[in-house]
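My questions will all concern the structure given below.
For reference, chains read A, B, C and D in written order, and residue numbers begin at 1 within each chain.
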Amino acid sequence: MIVVMKKDADRAEINHAVERIEQLGLKPHVIVGTERTVIAAVGDKRPEHKMSLESCPGVSEVVPILAPYKIASREVKPEPTVVRAGSLTVGNKHIGVIAGPCSVESERQILQTAEAVKASGATALRGGAFKPRTSPYSFQGLKEEGLKLLAMARDATGLAVVTEVMSTEDVSTVAAYADVMQVGARNMQNYRLLEVVGKAGLPVLLKRGPSATMEELLLAAEYILDAGNPNVILCERGIRTFEAHTRFTLPLASVVYLHAKTHLPVVVDPSHGTGHTYLVPQMACASVAAGADGLILEVHPDPEKAMSDGYQSLNLDQFEQTMQLCRKVAEAIGKELGSLAPEALTL
Amino acid sequence: MIVVMKKDADRAEINHAVERIEQLGLKPHVIVGTERTVIAAVGDKRPEHKMSLESCPGVSEVVPILAPYKIASREVKPEPTVVRAGSLTVGNKHIGVIAGPCSVESERQILQTAEAVKASGATALRGGAFKPRTSPYSFQGLKEEGLKLLAMARDATGLAVVTEVMSTEDVSTVAAYADVMQVGARNMQNYRLLEVVGKAGLPVLLKRGPSATMEELLLAAEYILDAGNPNVILCERGIRTFEAHTRFTLPLASVVYLHAKTHLPVVVDPSHGTGHTYLVPQMACASVAAGADGLILEVHPDPEKAMSDGYQSLNLDQFEQTMQLCRKVAEAIGKELGSLAPEALTL
Amino acid sequence: MIVVMKKDADRAEINHAVERIEQLGLKPHVIVGTERTVIAAVGDKRPEHKMSLESCPGVSEVVPILAPYKIASREVKPEPTVVRAGSLTVGNKHIGVIAGPCSVESERQILQTAEAVKASGATALRGGAFKPRTSPYSFQGLKEEGLKLLAMARDATGLAVVTEVMSTEDVSTVAAYADVMQVGARNMQNYRLLEVVGKAGLPVLLKRGPSATMEELLLAAEYILDAGNPNVILCERGIRTFEAHTRFTLPLASVVYLHAKTHLPVVVDPSHGTGHTYLVPQMACASVAAGADGLILEVHPDPEKAMSDGYQSLNLDQFEQTMQLCRKVAEAIGKELGSLAPEALTL
Amino acid sequence: MIVVMKKDADRAEINHAVERIEQLGLKPHVIVGTERTVIAAVGDKRPEHKMSLESCPGVSEVVPILAPYKIASREVKPEPTVVRAGSLTVGNKHIGVIAGPCSVESERQILQTAEAVKASGATALRGGAFKPRTSPYSFQGLKEEGLKLLAMARDATGLAVVTEVMSTEDVSTVAAYADVMQVGARNMQNYRLLEVVGKAGLPVLLKRGPSATMEELLLAAEYILDAGNPNVILCERGIRTFEAHTRFTLPLASVVYLHAKTHLPVVVDPSHGTGHTYLVPQMACASVAAGADGLILEVHPDPEKAMSDGYQSLNLDQFEQTMQLCRKVAEAIGKELGSLAPEALTL
């Protein structure tokens, strides 16, 4: 941590900052520059320290040097984490493909989708039972009934089930049916939910909030890891920017950045990340080329009739074509995408 | 809702869109333009309709015309809502002032602060007992012990207590001590929490999420209103942009915009909105000049020693000076700020 | 400048970085931390140094400590700069008011507007003759003919003329008619234009680009100052964010920030900053309350018929009312706004 | 264009809006909805029309339906434009690769780089002679001397030269040496420059401004096209968002979007788009997978000693490896990247 003094800071202010650093259990190194003094504070920091020093008189700013996340850091665990949940493998050379409708709507809909996406090579089934919706007047999901339909689809196809949990009181219910619990973008900083999900034992797919920095995403993962759950899959799903021609802006450099900073695997959601069906296939390919460990894609047998997110869903044919394209790109960079044959599901 | 067809949409596609509009219970008006056809869909829409039509072949885009929130709309209730909770009045000509520390830390700290902010004219006490923190390694608040200290400070000063509730399971506990429950920015789209808080009966201070649009904020309020609670105070606390010299960007035009669109009162939080103590006094004045119905300010007797957010807290003197300045600006625009005398607290 | 080494940087890499720092004429201070080594580089830096060190093997990042602007810095010149140009004074306790139409359209329009805004207390007349327009098919301004009409309006009213210059080849023409040359937001980083304008001698109103950081704005000002022109007025006119209910997001904290970092005066443009007439009056007041040294406002006798920007222009009555409101706010904070009486124009 | 009336708009206001629409030469269609009236305005619009109608009393908002660009539109010219300039082909199935240093520094540097990038398969040489720099104290480029060195490198290698022009007065000088003139991101809305470049005859590489919408980018292209120059290459180089771990956020969905809306080819600049060398190779691959028609990459023989942008430059080995990787991805999606053999340069 570097404490930058103001240009006109006097000796008393510098001494005061030095004392505060020592009180915090850190070792100060005073460096007198040509224009101002800076003080390097060495030792084991806590997030509060930065704030405390910023309030000292004569201090201009405090520049943190160390990343505030620990367990998630690649410096702590250099080898990449591979998360496995039933038919789904995410990490290393294997690109998992999680596909399915935004919302579970009916037995027929979810079974038809599960079978089709499996046939095209998906390795897990997504589907929302508890739906966080911007408007209270929108369809809110089939809730536990939806979870049962997802489990039925898993029984029929062998595909692992990935589904969202919205609230702490639903965690045990969702855990009873799901293979991977998803924490949605709007709940990325719902810390109580992260703690409870961290203790539930299942792998967690953690979506980046639309205004979350990389550091905030990794600290949210840290809540889950710190609760004892090492199986966290990070998900880039787009950020909010001034761009209005896409629903969100999908910044794929975050995949490369995260691979440099953390051992956790990173999947990309080009459906939410773009918000328009026609943009999804090429952005799925681009995600693979950027090094994503997995894709999560909205697929619906009849998007026009979907109860949510039809405008960004692929239909079954579009999904099949997207898989073919992405598989070629994966091979070009020395990776394997989805399942190449039914037996591959047992990988 | 206006359905814009692609330039090359053929008759079959236009007919299909017309049929879908009718199936949704809406009345289509086809308008043949010089370059393309648009179809106006008249009737009572639900959010799903837009999405459904966007998936039709030949459709270029769907432009919604009506705001999706209803109960929050000024068109439904033209007269402004005034929210009252003990000593706090927000709305109309009275500018409420909610002041206090980021976190409740000790009996001494909260009592000293409460008495000082009351003496300077604050009309409510803020203080965090349950703290949402970016890092799991940061101080997480005194929890129920903190609530008890807040209630003690209310007993001593008569100031209404505003405090955050982070999770559905804490709602009844927080409701037992607070006068106003705050839903924090990171929980603005925690819909389950909004529903539960909506049923708890206390007034709610709802903070805008850092990437939330005005429409999303009003739809979040709609969840609370729809649960039967009419006492919602909206809070602008800054948005995330590329600006790095402030913690968030504080867009005061949202106050004026919200006053045009909703009857709900709007308070501003210049502490989080700027993230630096030295920016707070003038931004508090600017908030008042923009028409804010209230201010929420972080105040700490010794910011340098604060367990959270010291770098954006006013000390007691700074708060007193800020109040004097803001009071003059309020008078200049024909309003009254805070309490002018102890008896004003019973307003 | 602080050079942060990677956690696993070896001795050779640290030595190499130390050598590079010395080669750049700086003095290295190596600080061995508990987790990694950082090297403070003391001396007179140039922007290239940071980049150069970032490319060294084993370096994680380079954190600059000093602001890169010099002449614009308040550390170099602590007392605020007051810019005067004919009837206009900007800086210190006097809030200048620059008002007029987006585009000069006709003699009648500009004279009528000039007389009306003067009567309401404006201290300068704005009006576009060279118009930067997003579309090549939009009205591009009356060019030199417009400049002549502005000069005629100055002759009639005594109001100083503020008008935009778009290109280096127009600088001498514009300088022949204007009292203050405006560099528009889209040209804030048109460095050649900044240099030429810097040498032209007239005061310059420099608008912040919609994606410019404070540092970029001050470095743009530095180009003008470095060319020998000390009379630079900075203008906050809104930034581009995800907010769509306003044309731009107007971040008034930048006024307070700039006053802390630079001696140059800061005016605010609530017309472009909001993009909607109904938001302008209160945002003008808020700008004054935030400490703005001036306002620049679009005013048109008949906004509905304006050839550009009518949707964000005040009509003459709205301007008069806005002035009355802003004047009260100015007085509340101990300042004076616009001209109170005709003789005040000679201030 | 859809004129949305306020809910409480009265008959006189609706009639007035209808009249204004007719005065503008458009045909109004009044649609009475359940909650409010909207008026569709059919005919040949100009950008001013929208603004004019927004100022009418009783009007809530005006929603444009048609894109404001014409010549750039795919609706006007459905087949993709292929731009050719010497050794460079951009568009269709051929992915051009423009590589070279940020700044031309010396004969040795530019010749060494040109030969190396050609050997690795680049099809054009980039290099800055006129450099737009944020700080007036940074290296500003070798100017015409740099252009001569670029021409020398073209003579030696056969690679087409792509270089930036910053100001109208330099256009003829740059045109004398370059094969493609680049308009930089900060000049994207320097309309005078666009007009002059449009008349100069050479192909133009137009970079997206960091806060430009797709519509603004296409309208900037329209200035060049409207001046009679059909050879415009669009370049996505990243936008400014809240993300600080990258220099800009690189939104690859814009490639797919642009291909849907315009016939102009789109290249991507992953060097500026990420700002860090380690992020460039995978983002280059991702750009290809997203469908980019070309790449523009910063390459320097010794990035640590580069006079600008070393921190985001590939060295010669890194460029060679990036080319190998990108070529495989290009083949996977049925395209060809760079030159496969020396004779391919004459394509």
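We take it that contacts are C-beta pairs under 8 Å (C-beta built on N, C-alpha and C of every residue); 3 or more make two chains touch, one makes a residue touch a chain.
These figures come from a predicted structure and were not determined experimentally.
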Counterpart interface for C-D, drawn from A-D, A-B or B-C and sharing over half of its contact pairs: A-B
Angle of rotation relating chain B to chain C [CA atoms, steps of 5 degrees]: 180
Chain centre separation in whole Å, for chain D relative to chain A (CA means): 31
Inter-chain centre distance, chain A versus chain C - centres from mean C-alpha coordinates, in Å: 39
Where chain A touches two or more other chains at once, by residue number: 211, 239-242, 244
Chain contact graph, described as a line, ring, star, complete graph or other shape: complete
Residues of chain B touching chain A in the complex: 20, 46-48, 51-52, 54-56, 68-70, 132-139, 166-169, 186-187, 189-193, 209-211, 215-216, 219, 222-223, 226, 239-240, 277, 303-311, 313
Of chain A, residues touching chain C in the complex: 2, 4, 7-8, 29, 31-36, 38, 40, 42-44, 63, 65-66, 75, 240-242, 244
Touch list for chain C against partner chain B, complex: 211, 213-214, 239, 241-246, 249-257, 260, 273-274, 278-279, 282-283, 285-291, 325, 328-329, 331-333
